[in-house]
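Handing you this structure, nothing more for now.
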Amino acid sequence: MFEQQLINGLTLGMIYALIAVGYTMVYGVIQLINFAHGEIFMLSAFLAVTFITVFGLPIYVVIFMTMGCCALIGVMLDIFAYRPLRQSPRLAALITAIGMSIFLQNLAMIIWGSRPRPFVQEALPAFLRTPALSFGEATVSWLQLTIFGTASLLMIILFLIINKTRVGTAMRALSQNRTGAALMGINVNRVISFTFALGSSMGAVAGIMVAIYYNTLYPTMGYVAGVKAFAAAVLGGIGSVPGAMIGGIILGIAEALGAGYISSLYRDGIAYAVMIAVIIFRPSGILGKSTVEKV
Amino acid sequence: MNILEIDSLTMRFGGLLALADVSFNTVKGEILGLIGPNGAGKSTMFNCISGVLKPTGGDMFFETSGRKMRINGYKPEKMTYFGVARTFQNVRLFTALTVLDNVRIGRHCRTKANFFGAVFRTRSQKEEEQKIVDDSMNWLKFVGLEKYVFYTAGGLSYGFQRKLEIARSLATEPSLLLLDEPAAGMNPKETRDLVDLIHRISDLGITVILIEHDMKLVMSICKRLVVLDHGVKIAQGGPREIRQNPKVVEAYLGRGAADA
Amino acid sequence: MIGKFWLKVVLTCSLLLILSSPALADTIRIAVASPFTGALAAYGDNVKAGVTLKVDKINAQGGIDGKQIRVEWMDEQCEPREAATVSSRIAQNRNIVGVVGHLCSSAHLAALPSYLRHGVPVVAPTTTAVSISEQTKDRNGKTWAFRVVYRDDYQGEFLAQYVSEILGLKNIAVFYENNDYGIGLKDAFVNKAQELGLNIVGQEAYVGGASDFTPQLTRLRGRNPDGLFISGYYPEGALIAGQAQNLGMNVTKFGADGFDNVDYITLAGSAAENTYLTVPFLADVAEGDAIEFLENFRERFGREADWMSVNAYDAAGILLQAIAEAGPDRAKIRESIASINSPENAYQGIAGSTYFNDVGDTLKPAFVKMVKDGQFVAAPVQMD
Amino acid sequence: MNISLKTALKYLLLGAVLLYPLFAFSSEYVLHVMVLIMVYMVLAMGLNIVPGFCGLLDLGYVGFYGIGAYTAGLLTIHFGLSFWVIIPLAALNGAIWGVLLGAPTLRLTGDYFAIVTFGFSELVVLFLTNEIWLTRGPLGLPGIDPVIIDLTWLSTLIHPEWIWYWEFIGLRPYFYLGLIMVALVYVIMSRMEDSRLGRAWFAIREDSIAASSCGVNLLTYKVIGFAISAAIGAVGGAFLARWTMFLSPDMFKFWESFLILCMVVLGGLGNFKGSLAGAAVLIALGEILRIVLPQLGLPTETRFLAYGLIMVLMMRFKPMGFFPAIATQSQKNPILIKLKKELGSSS
């Protein structure tokens, strides 16, 4: 039973990690908690289902299309909501982020209705639901394996983008010092847009995977998942991409074990409690570094 | 006799050494100039003394209410309470509040009304409020801003903002005042007023440490100067000595200038 | 600035006054209070559909005494505070002569004080909470609130009996939603089950709106049950069924009326197979008007009617029958409804006959449905 | 002359509102909405202290509202305490939680604080939902007594025949009780704003480093602000409990925090008088939209959409709200009026 809880937690954690990198990258470059990120995660699930049911596209194509759409939504979000507020106090940007989150959530409710709906099972290969491995009492399904594989692959790609490409270097420069980066000839707004696009497309994959894994999608799904992913980002050290990955996995496992062994009713509370504890006792998280305000 | 003693103070930010083993004293009542080229560590020194930064090494001693104490690691508000007040390189005012309110906030650490006083408007709270206004008005008159009492601080001209910041720091009743580039951006007339103001502050018995790039101003009002370069103290002494010190000339004008 | 502010307050209030002022009196108005937005809007839609069919039918027949029936749709999002606001609005509007609602027991409980104080007859289509029975009378001992559905304790006990006697299961795992419905139902079930000698191997709770139930299911799986009682609503129930299947937990599942929605099968897919549930209404044993209703419903809304629509249809029917008998007068309508108090003068609705006891509760038989080949069908054996 | 007309109009309107419940044509529904507005006025004024005065985003305000409400509800049910005793107890409980949460987290930057408060309010809801032995969980807490004024002890002293026992039935007494509550909180807010405390808060909001170098202890004053704000939220909750006589955890979801924040932003961050307008406008707007939207053929969800959009547009075009003035209360202080006169005569 413990092994099974661990495997379930790991699956959950991989998904949190994918959402959390979106929070952490955006926070890294513009120091903003993008509350609407959870909504992008939700929109991706709905878009994917719409593409499949309306256009009858195969799932592999749909994943890439959804990633593209969500990247676009993320960039638009930045351009229309956040960019005008770059010079404003942070309070204004935070309130805008919350406002956008509520706006998108209700927009989805108007477009797709508030009823939960299942993912289109016919679009998926049938073997996904069958067990792939089993040891002792625990089983790992092909779906879980696929989630591990996809998430790990995306993390590696992300890591390479950030560390090996020009735009990745620019992103890192930006998170160190925005003015300095601008003086060095970096097109700040373009890099920020790229960051939103990258984070949103990661969130998009997470959204589709959650919808498939739990076989359900509903307009409020982004709210709780978003907060938990943010907690994961905080746990790993906000602004740190490897931190977000580690934080997501730890949180997923903690949640599954906590729900299995402590109290299933407080499972959402576990994420919040971890987050509050980290913020109080180690605000820099596992891999983050503390910063000093320049006077 | 010394109001402030800095003893081999070191401040390290990660790999960057902003202050390295800097030592100097400040005599009570003097106007000390702290000079050096950009990035020399002057503002970092102010931040350490005023408690904004905690130095990574060395000691700072400050004489407060007749007692000499080590002040490393105290918070800014505590340092203000001990009697260290400061202004900032880029003026930091409460821009949305009125000129009077800015100075009244300066009176914060010398007053003590609390929530209950505020809500029940006790006699002592009312008297204290009256006194805060009177004191604030005195300081505004002292710097010459009594005509702008009800203006919004953000709407003042740059020179007036500088003066307001000085008035606000004076309102905290300091024994040591740290002025960070007070003349920056001022026209000659305003600079002349400023010199006069600094003298009048000194006449009140307040020790002043001054960071300034305007050498003419510094040389004219400081009896003693400390020169920093790249976090190291390179010279100390009267204006004449400093002007002729080859290290200082080199620091300001670059290597070779001193030889020439 | 203060002046501006008060000006706004007064303008707002006068606007509200205008909006809530009486309309033309050639219609009879009733209110339907349910969640039409929010998480439970889907259920509200079912109620809306049922009432719409009934009202349209009466209106097509010329209304009551030549007056058309107009329905005020009052959205309370299933939130008690909203429900209290809505009920006070309804009570205040003297043109509204009766209410069909509310959907959720908690909202119903919060709304009742206003109805009782002002004397508004209420017929609830779906509120099964036991505690409502204590809140239906006003200060003078008159019952204003009625319901056309059985109580949770009844269906919980019924289920325990059915599981034990008909399905012959022995080791039952209980998975309940941590809310009034889930707990009330579960408690009645567990008590009766223990009385009947069933072995309750484990009880786990979940929070409504959650999407991952694997930790609890993993625990329950470890106890080797042969039956899983899911005490909650279908959206979570479908996910639970699916995730239980993924965990290799292929046991008989059963639930109560909260499962009766085709979306249960749509959401759970093949995992829904072999689920039993109690319902106050069974299409397969329907006859007469009920068959006509089901056809009309399918035609009009493009989906199968569930018991909520059926009960809403009957609740509206009872209210409208009382209006027809007593005229548009709240107190007389109440008397008319309260007089339906014995099997002899019961209201013959599409969900069978309905009559009320002293506190406005009704005794109705429960039916059992099951999922077979992706369809709801009547269970092969019913119990009386 | 112009001014006196304006003042007269102001008092006329105020009088009309005050007397409204006594008129025969007064509608219970309008009264209900007005009492609801008053509850939100109190909440919005209280919340304004944190984001408005101190410049910190508080997303968990509803947690304190819930703590206050359940404190009042449980004390009433289990101990039968009087409303007048419960109000200070609820405020105290709110303030204690404010200090417990604020003291460790307010040293952090504003973003972290925002998310911690969010987590806190979610934890409060989880606690209220799951601790069934205490709160009855999602079943809700019914049967809370209404507010009672019991002066029988006094009447026995004066005239034993008199029965001075008055139970609040219907909305009229709550309307006036609500007015008193709003007025009291208003006075407290205005006095705090025009004091050493209020100035310290505004200093923190304007520039925290400059504030601390003026001798303001940042942490202490943030915690004080947070605790007072929490206490006011708890008072609002206690009133709600005794008014609706029913509580359930659903009433304290995050959405409420957002709504109250909306009111504060609309009325002006830092202007507590604006919060009054914000509360009135948004609650009334909600009621109007509830009626109007279906008639326009729009789903009722649109109103939530509208609130989200309002926030975004406000931040973009009117970040200080419709009434941006802050710290204006001191202008009414006799000390400053006197000073103004002196300055006017000297120049």
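Per-chain residue numbering starts at 1, and chain names A, B, C and D are given in the order in which the chains are listed.
Here is the rule we go by: contacts are C-beta pairs under 8 Å (C-beta built on N, C-alpha and C of every residue); 3 or more make two chains touch, one makes a residue touch a chain.
Remember, it's a predicted structure, so these values are computed and weren't measured experimentally.
Asker: Quick one: point me to the chain whose Cα centre is farthest from that of chain B.
Answerer: So the chain farthest away from chain B turns out to be C.
Asker: When you average C-alpha coordinates per chain, which one falls nearest the overall C-alpha average? Tell me, please.
Answerer: If we average C-alpha coordinates per chain, D lands closest to the whole-structure average.
Asker: Let me have the rounded angstrom distance from the C-alpha centre of chain B over to the C-alpha centre of chain C, please.
Answerer: 72
Asker: Measuring from the mean C-alpha position of chain A to the mean C-alpha position of chain C, what distance in angstrom results?
Answerer: That pair's centroid distance is 37 Å.
Asker: Tell me, which residues of chain C touch at least two other chains?
Answerer: Only 37, 178, 207 qualify.
Asker: What parts of chain A, by residue number, touch at least two of the other chains?
Answerer: 109, 114, 265, 268, 295
Asker: Could you pull out the residues of chain D that touch at least 2 other chains?
Answerer: Residue numbers touching two or more other chains: 129-130, 209, 299, 301, 304.
Asker: Across the complex, what residues on chain C touch chain D?
Answerer: Going through chain C, the ones touching chain D are 1-10, 12-13, 15-17, 19-20, 36-37, 73, 75, 78-81, 84-85, 88-89, 91-93, 106, 109-110, 113, 117-118, 129, 131, 135, 178-180, 183, 207-208.
Asker: Any idea which chain C residues touch chain A in the complex?
Answerer: 37-39, 41-42, 178, 204-207, 209-212, 214-216, 218-219, 221-222, 235, 238-239, 242-243, 246-248, 263, 266-269
Asker: Any idea which chain A residues touch chain D in the complex?
Answerer: 27, 31-33, 81, 84-85, 88-96, 98-107, 109-110, 114, 223, 227, 230-231, 234, 263, 265-266, 268-269, 272-273, 275-276, 279-280, 283, 293, 295
Asker: Give every residue of chain B touching chain D within the complex, in rising order.
Answerer: Chain B residues touching chain D: 50-52, 75-77, 79-81, 85-86, 88, 92-98, 100-101, 104-106, 108-115, 117-119, 121, 125-126, 128-130, 132-133, 137, 146-147, 149-150, 168-169, 172.
Asker: Which of the residues in chain D end up touching chain B in this complex?
Answerer: On the chain D side, the touching residues are 188, 191-192, 194-200, 202-203, 206-207, 209-218, 224, 228, 326-327, 330, 333, 335-336, 339-340, 343, 347.
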